[in-house]
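Each of the two complexes below includes chain A, the first together with chain B, the second together with chain C.
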Partner chain A sequence: MTIEFVGVENIYPGGARSVRGVSFQIREGEMVGLLGPSGSGKTTILRIIAGLERPTKGDVWIGGKRVTDLPPQKRNVGLVFQNYALFQHMTVYDNVSFGLREKRVPKDEMDARVRELLRFMRLESYANRFPHELSGGQQQRVALARALAPRPQVLLFDEPFAAIDTQIRRELRTFVRQVHDEMGVTSVFVTHDQEEALEVADRVLVLHEGNVEQFGTPEEVYEKPGTLFVASFIGESNVWTRAVQNGRIEVAGAALPVDPAVSDGSEVAVVVRPKDVELQPASEREAHAQVVRSAFKGSYSACWIRTKDGEVWEVHVPSADRHRWSPGAWVHMNVTRWFIFPR
Partner chain B sequence: MSKVWTVVGTSIAYVWLLLLVGVPFAAVLVGALAGGWGPFWQSVTSQEALFALRMTGEITGVTLLVNLVLGLPMAFWIARRAPGWRMVQWLVELPLSVSPVVAGLALIVVYGPNAFIGAFLLHIHVKVAFAFPGMVLATIFVTLPFIVHETVPAIRAIGDTQEQAAYVLGASPWRTLWRVWLPQLKWSILYGLALTTARSLGEFGAVLVVSGSIVMVTETATLFVYQASVNNEMQAAYAVSALLALASFALILLLQFLKRAGGRNLRDH
Partner chain C sequence: MRFGRMALDSLISGALILIFVLPLGAVIQQAFSGGWSSFVQAVMSPIAIRAFELTLAISFVTAILNTAMGLLIAVVLERWRPVGSGALDAVIDLPLAIPTTVSGLMLVLLYGPVSPVGRWLTEHGVAVVYTRLGILFALLFVTVPYAVRALQPAIQALDVRQEEAAWVLGASGRRVWLKVIVPALRHALGSALILTFTRAMIEFGSVVIVSGNKPMQTEVASVYIYGLLENYDQRGAAAAAVILMFLCALAFVLEARLLALLGRRRAVRWAAAEGGTRHV
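Coming up: the complex of A and B.
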């Protein structure tokens, strides 16, 4: 099922706009991550798809059908809530069968579907337990089984891994992706964790203050950020302001060319990823900067270096070379890749 | 030293409670059964006593029904902080601070035969003051806060995501109330109903003013006890008092049970 937003706006009763004229199209069978900081409108978009929130302007289409005015009961979507929202007075079995009962599915068929899902979610032996008797990960799987039971065309997740321990979170990410692939649904999930979005999603919709900043594959939003916000929000980055002089800006001793449309004297933002800076040992006189601190991060190490202008940069180096960049060492910087945006 | 003070303090509390509650309660029971089971039975099955007890039962039944039907929506209104919820909360809590006699008088002022609304209702043959509807209104007025008070914290503790989950799964608002809300609110509702029953059985002031206490017409059990004691028919007064006291005692036991069950229920969230 495709999902399309056309000029969707949402204004809260107090007048605050949580979504500002948003338009996008999600393809059938795609898994899309809504990524943005708190207050960016990502949960509102999810709730609008589910029908729990009605847009004040614009239209929502699911599977080519206009659903803007359709209540949640008639949208055939599945929603996994951040806190799972399991029915506390019902057993796992009753939770999973809830939607099927509401759709008046025959008892035998319902039982078969519930058993199939409990088996798939590895919850067979928990059918008669109550939610408070389960771990966070198990509750999450029950919530997922409950959402999947009525065979929804669209599956929505609101911060699905937020309340789960880091270790189990990784397993569940893989599991959720597996569920999406096997069930063949269109999935949308909300997250503020960029690593999660980049790892799980086919495409990422980056949101900021109710606007779509960029909609692209994880590679695109990381390697070709469309805006300064995306460049600084996705992945680690060093962001500096520079004035354009003779069509160039000076960064770490190098004169980088700027779009000719940008006039001299105007300010631009330059974004450099920590992995896009090469370090060379240098004498104090020739050096651009001095290493202030370094930290081991596994396969790479992070070094913080202070330039002679006083800027502190984060640079990633292979952990094997870490000993070369101990605090106090003078270095020459070579910026290999950068992004320039208007300020 | 502190142990001594604990013993002294506890003893004072027990003696005080005994003098205040235990002894009068026992005195009523002794008074009711002083002449044996025969006079007791005769007193509580007299035509006037039976009428009063039945009237109290009927008023309590209607009050429970009305408070349940109106109290739950009000509880949701307050718990959800819907527009105007503070005003609703204030109005619901008002009966707690207003004297029942004042409440009864206020009802007479509005629904009495000389008042505009009361006169209009009389015109369409609905008698409120000095009749059953007025007595029910007075009892509803004084018992309104109980169900609301008991259910608002539970509604807030449950939150609204389960309701939303039910909607997305295809349940209508009514089905959601039936399958998601009521099973989880049952202990709070029952606790509120038990409190309402206790208050309804014992209500005196508001009902006295609004009913005029007409024998075999608008006389409830508490009004019967009052009238019997004024007429120095102590056997009858003691017997019906004992019945009311035993009913209250049973309710207290029920409340204790509900409190424990409700506590377990709330902890599960």
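Coming up: the complex of A and C.
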């Protein structure tokens, strides 16, 4: 099922705007990650899709049908909450069958569906347990089975992995992606973890202060950020402000060309990813900067280098070479890739 | 340090004995001072039996009505929060803050035959003061804070996400109440029920003013005990007091047993899921 937002705005009773005229379209069978910092409006958008919030302005369409005024009971969506929101007084079986009971599905059919989902979620032997007797990962799988039971057109996840420890989180991410692929539903998940969004989603909707900053594939938002916010929010980056002089800006000893439309004297932001800086040993007189600290991070090492202007840059080098860039070493910097945005 | 701890323990034990154990012992001793047959005779008189029947019945009705009312008020205070809910929250405690005799007086002045309300009710065939209806009104007034305060924290602690999950799964508002909210509140509802029931059982001040204390008609157990004392029948009063205390204690025990039973049923189902290997 496709999901479409057309000029959706949401204003809270106090007057605060959580979503500001947002428009986007999610394709059928796609898995989309809503990514942004706290207060960016991502959870509100998810709740609007579910029908738990009504937009102040604009329209929501699911599967080509206008659902703006439709209550959550009639939208046929599945929702998995961050805290799982399992019914604590019900067993796993009763939790999973809840939606089917509400839809008055015949008992045999209901039982078969619940057992199929419990098998799929590897929860068969936990059918008679209560939620408080399960681990976080198991509870998450129960919540997923409960959401999937009534065969929803759209599956929504509100920060689904936030309350789970790192190891299980990685397994669950893969599992959720597998569930999405096998069930063939359209999925939307909210996260503030960019690694999670880039790994799991087909496309990522980057939100900031209730606006859509960029909607694209993980590669697009990382490699071709559309705004300064996206460039600085997705992935690690060095962000500096420079004044344009003769159509160029000076960065680490190099004069980088700027869009001719930007007039001389105006300020721009230059964003350089730590992986896009090459270091070379240099004498103190010729060097651009000096290494002040380095940290081993596994496949790469992070070096923090201070330029002669006092700026501290983060640069990533292969871990095999890290002994060359020990604190105190003088280096020459070569910026291989950069993004420039108006300030 | 150790001496200080011992002194504190002794002080607490002494105080408990003085204000709790000794008076209780005195009542029990007095109740059985004439032997078992005298005790039975005192509590099995028709007036005593009728007083206990009335007390139990009217306390039960009060507990049911006020638990429902308490739930409604607690929901309004914690969920809907309309304008003036702060004032309502404060007013709820009014019956706790004023003497219960004043509560009774308020009801007599409002519903008595000389007041406009009382006159209007009488004209329409409804008598409140000096009737069982009056006793019910007094008990409802006196016990409502117990129900509200027992339920408020439980409603505060409800996970709204569970209700939202139920809506998204297709449940109507009524079904969400029945299947999600009420079961989640069952312990608090049980507490509200027992607290209002026991408080209604022992109420005296408001009832003595409102009920008219007609034996076999409007005389409740606490007023019956008072009547016996006024007639210098200390042994009879003590015997009735023992029964009243026993009934209240029984209510608390039943509540505890019920909660334990719910917990055990959970554990049994869990054990069944484990193939019956878990000892419960």
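One rule holds for everything that comes next: the second predicted complex is superposed on the first by the 343 of 343 C-alpha atoms of A that agree within 3 Å, B and C clash if a C-alpha of one lies under 4 Å from a C-alpha of the other, contacts with A are read in each partner's own complex, and residues count from 1 in each chain.
Convention: contacts are C-beta pairs under 8 Å (C-beta built on N, C-alpha and C of every residue); 3 or more make two chains touch, one makes a residue touch a chain.
Every value quoted in this text rests on a predicted model; they were computed, and no experiment measured them.
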Fit or clash - chain C, chain B, common chain A: clash
Which superposed partner A:Leu256 touches (first chain B, second chain C, both, neither): neither
Touched partner set for A:Lys103, first chain B, second chain C, both or neither: both
Partner chain(s) touched by A:Ile11 [first = chain B, second = chain C, both, neither]: neither
First, second, both or neither for A:Pro72, with chain B first and chain C second: both
Touching partner for A:Arg146 - first (chain B), second (chain C), both, neither: both
Chain A residues contacted in one complex by chain B, in the other by chain C: 50-52, 71-73, 75, 77-79, 81, 83, 85-89, 98-99, 102-103, 130, 146-147, 150
Contact footprint of chain A on chain C as seen in their complex: 159, 161-162, 164-172, 175, 179-180, 183-184, 186, 266, 269-270, 272-273
Sites on chain A touched by chain B in the complex: 50-52, 71-73, 75, 77-79, 81, 83, 85-89, 98-99, 102-103, 130, 132, 146-147, 150
Chain A residues touching chain C - in the complex, by the definition given at the top: 50-52, 71-73, 75, 77-79, 81, 83, 85-91, 98-99, 102-103, 125-130, 133, 146-147, 150
For the chain B and chain A complex, residues of the former touching the latter: 158, 161-162, 164-172, 175, 179-180, 183-184, 268-269
